[in-house]
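Read through the structures below before going on.
Here come two complexes built around subunit A, the first alongside subunit B, the second alongside subunit C.
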Partner chain A sequence: MNERASRRWGFLPLLRWGTFGRSWRAAPLVMSGLTLFLALLAFSWLGPWVYPQSPYTIHPHRLFLAPSLQHPLGTDDLGRSFLARMMYGGRPSLGVAIVGSILALLIGLGYGMASGLSPVWLDRVFMRILDAILALPTLILMIFFAAIVPLSPLSLILLLGLLSWPGLARIVRNEVLAYKERDYVLAARQYGAGTGYLARTHLLRSMFPIVIVNATFTVADLILTLAGLSFLGLGIQPPQPSWGGLLGNGSNLAITGSWWLILFPGLAILLAILSMNLVGQGLLNRLEGR
Partner chain B sequence: MSTSPLLAVEDLTVAFATGAGGLLRRARGSFVAIDGVSFGIDRGECLGLIGESGSGKTTLGRAVVQLVAPREGRICLDGVDLTALSGRELRPYRPRLQIVFQDPTESLNPRFTIEEILTEPLSLLRIGNREGWRDRAAHLLDQVGLPEDLLGRPPRYYSGGQRQRIAIARALATEPELLVLDEPTSGLDVSMQARILNLLRDLQSRLGLTYLFITHDLGAVSYLARRIAVLYRGFLAEVAPTRELIAHPAHPYTAALFAALPRLVRGRDAVIPSVPALGGSWPPVPGCPYVGHCPRAVDRCRTERPLRRLLAPSHEVACHNPMVGPR
Partner chain C sequence: MWAMIVRRLSVSVVSLILLVTLVFFMIHATPGGPAYSILGSHASPQAVAALNRQMGLDRPLSVQYGIWWIHLLEGRLGYSYIQHVGVSHLIGTYLDRTLALDLGALSLSILISLVVGLVQGYWAERLGGRVIGFLQIVFYAMPVFFTGILLIYVFSIRLNWLPPGGIGHHGWGARLRHLALPVLTLALPVSAGFSRYFGHQAREEYRQDYVRTARARGLSEWRIATRHVLRNAVRPFVTLVGMMIPVLFVGGVLTESVFNYPGLGWLLWRSALDQDYPTLSAITLLIGVLTILGNLIADLLNSILDVRVRYE
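What follows is the complex of A and B.
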């Protein structure tokens, strides 16, 4: 099954252990991006097992301590361990972006497929609606919704997912148009293939690489957007930590000279976005044969 | 024409809308790709269909296998008019007619394995059971002279000739009676062309297949086809047995087509230039579609569309002033 699936999905063999070394040489960008992203995931989800400190416990006698052996990333304005807060802060930052992207991908696939496979006039209606949605400034819309919806990781997933699918939908629709008149699709139609079958097999498989590339970029986008919202206080709500929120808090406290409260969340956000962009760009390069 | 041909095409007209129709606008005009074409193919026969690029050959082939909906006319398989059937009613007839496309790179999905390609028709038409499909796929490869160990890989591992054999194997998957061959050799080099033609001839005699062989290659068509139909701008100019057509082309266009063949031996060269085929219009204009380029045009050709008439046994031509008289 594993071998069969990897053959079907082109570039995925690089996920197999046996080809690990070969994959590094064949796709250094993808592999370094993946490694970096997995490291960030491990930091956020497995880190607290190695460093079992509560991110919420307040220690009034050790405020603003600089990084040291005892407090690897220092402490914040309430004396909480900043390493623990960074670890727990990664969970919503990465989790919301990943799940939100999957949601956006599913909506985009459905909408794009429906549009591309519709008769021309209906396709145009779909596309005009899409243009209208794309014309709305996403961040302003998010700020609007964030102000009226109770904020939790779940509502943020829905918000981000429901607002970031139009780009993917357009790509999917264009791919459908590019592939739906191919001879192999005609051949399948000649065997009585229905539209649903064509969408699930021929079209989905043909567009899979380009869709995955763009889904990867969407994850990067959402990490940034969520960080931006949290920075503005409209994302993950304190006391639950998130990288964007920590960064916002740190910048308010810049006057105290606690550089670690700004550097580490900023670095984490940067690395997360960088890793996803490396994966996306690497896959794109492979697709285009560069 | 025999009394009960396997395939009978009657007054077939296929047109495509042209000009971009808007959200509320209707498409402006239409382009007539096939214009009142009639012919029949007997069981076990191979009918060659020749014509230059843009003459509507491919459209005609696709209309026969119900990939293009005709505007008018009937396409009958064993006396049943396929154009009148709904998608569901058509299902039992689909296995009986299959098509081999020109370019196997295009007609085989690069993301499928050979096994998936060969079993797709079986699963879509619900033929046999899943356990038997792999054996069937192996048997199909054997039929076209390929080893069974090709099954696990995608088409990009194989050469153009091998891919075309795979495409032929897929068309045979449903045990069809009629195979539409849409220029199956034109993407291949000469030696591979000969091998594919031999394979097709061999399959025809072994499996009792009926072919509609579409090509612009006069050599290939005379090798495989007993009878040839000449298509010009979607208009059937002449139908005759292969030898008869080559020896006595009656339509000036057929003669021009033969004259355009490069010759190895210097012979009597006809100076009839062939012209690019442009579209017809709808409703059809009166007169012969070839009149603008025909050296033998008479006044009648401009006003009256020539009807097909019999010149010799099974030699039909649609021309007011044919190159050879009735015999």
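What follows is the complex of A and C.
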């Protein structure tokens, strides 16, 4: 493995358990981002085991209670436990964004590979179309689509995934171009390897690090977009809680002075975006050898 | 260079065609078709059929697609059945409010980022530079709808200094007071993006030999900063403004919704919630066209200003 390749792979040992302490020192950005994100995932999926309260049960005698020992994050305008709502709200907020990113990643890989492995004229056509798609304002189109399609977690996954692959596709295509003329790829081709085999074994592995970095940024983008849509009432639909939706509700109730209905969902969204950006930026720094 | 411009223009034309086509087919994919969304879902089949005939919706899709293009090119954007006015009339009223917000935020963020970037470049190796760098990451990740509500909570509800939203109708003073919080909200993430880039640039300039020469000649730090570093570091600003245009537009939509500031973004949001499809599609097209044109102008300016891009 040459020096460049070993640097590209250099972050992989970070993901192994045995080297936990060393990973912290080597890549503090990646590790702090990862820890933060895992904590948010645990809060959303494991939290309800520790704090088994329903996020839907209405209690008319305890409306707008500020955070206290009994109600750790307070209660909302219908007396529902806000901690429970924050926990259950994290599931669609993070889950839809993660699955949507995976969908975007798959489409981007397919399009980028197809473009990069095509003859030059076809690759040009693919790229011009991609440029045209990239110039479209994604959030505007999402608001437009969200007004038309019936909204559910599944339709939101499709919406987010189908509209956010172009950036990844361009990166994949550029990586294919950078690697497909390398000696080892040419050698494999001489041995009679098919295009599908080359794409799977050689190209996919070479581009894996940079693709992972950009997938991380995509997750952050989609968390933000989904929170924005839910905030506007065009994402996850009530009564199902989501961080964006809770923030939107809190902002409508801001006049009552219930700061906890604004601060906690807002912080959760901010931390989720921040953690993924930290992971992405940290990995990128290592890739570029900074 | 002309080849580059032609290529770039053709990409924008394809973008526009894609945008118009997407909007057309999505509108026709609405449940029950456009007639139902106008008459409501409980409309009788006869009424729907009559409206379909009147609006030409019973013709083949390809014919309708052609008519859609002709109407758009003639500037006939349809009629809002919710607000009962022509959509072009609506856009006329709302567009200049959005421009006021966006231009205000753009100017404010350029001002903030020039100052912050210079300081960051000057302090690059010290704690101050790192603190600024951290704040930039946080503010860049901060969703405008969160910043907006926090500002409303502090400055309108707790301190009662500024109005929490809407638009002032009595004179310039009221109008500016209503603009203050939205402009600040929108300017924060944009200036975080700008100043990060500009700070990096300023830091590079501070390392150059001419800065050391200027110091040796006994020039004041202020003079070095304004006459030398600033002048050299602002050159990539056009590219940067182009890069931030999408952030500005998208952030603008959300900011207007948070503050109930009746601009194009707010109109887009309301028409999406009300399922007012003529308005919704017209605004989507308008903001889309503005974004595509913004990107195009930034790219072209950039290629004219930067010789390296020109000869690529």
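Please note the rule applied: the second predicted complex is superposed on the first by the 280 of 290 C-alpha atoms of A that agree within 3 Å, B and C clash if a C-alpha of one lies under 4 Å from a C-alpha of the other, contacts with A are read in each partner's own complex, and residues count from 1 in each chain.
Assume a residue touches a chain if its C-beta (ideal position, glycine included) is under 8 Å from a C-beta of that chain, and two chains touch if they have at least 3 such contacts.
This structure is a prediction, so every number in the text was calculated from the model and none was measured.
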item	value
Touching partner for A:190 - first (subunit B), second (subunit C), both, neither	first
Subunit B versus subunit C as contact partner of A:148, first or second or both or neither	second
Touching partner for A:125 - first (subunit B), second (subunit C), both, neither	first
Touched partner set for A:202, first subunit B, second subunit C, both or neither	first
Which superposed partner A:135 touches (first subunit B, second subunit C, both, neither)	second
Which superposed partner A:49 touches (first subunit B, second subunit C, both, neither)	neither
Contacts of A:228 with subunit B and subunit C, given as first, second, both or neither	second
Subunit A residues touched by each partner, larger count belonging to subunit B or subunit C	C
Residues of subunit A at both interfaces, subunit B in one complex, subunit C in the other	none
Residue ranges of subunit A touching subunit C (in the complex, touch as defined)	128-129, 131-133, 135-141, 143-148, 150, 220, 224, 227-228, 231-234, 244, 247-248, 250-251, 254-255, 257, 259, 262, 266, 269-270, 273-274, 277-278, 281
Contacting residues of subunit C [partner subunit A, same complex]	10-12, 14-15, 18-19, 22-23, 26-27, 29-31, 137-138, 140-143, 145-146, 149-150, 152-153, 157, 164, 246, 249-250, 253-254, 257-258, 268-269, 271-273, 275, 277, 280-281, 284, 287-288, 291-292, 295-296
Sites on subunit A touched by subunit B in the complex	7-8, 10, 120-121, 124-125, 182-184, 186-193, 197, 202, 205-206, 208
Complex interface listing, subunit B residues touching subunit A	21-23, 62, 65-67, 87, 90-91, 94, 98-99, 101, 103, 106-109, 111-113, 120-121, 124-125, 152-154, 170, 174
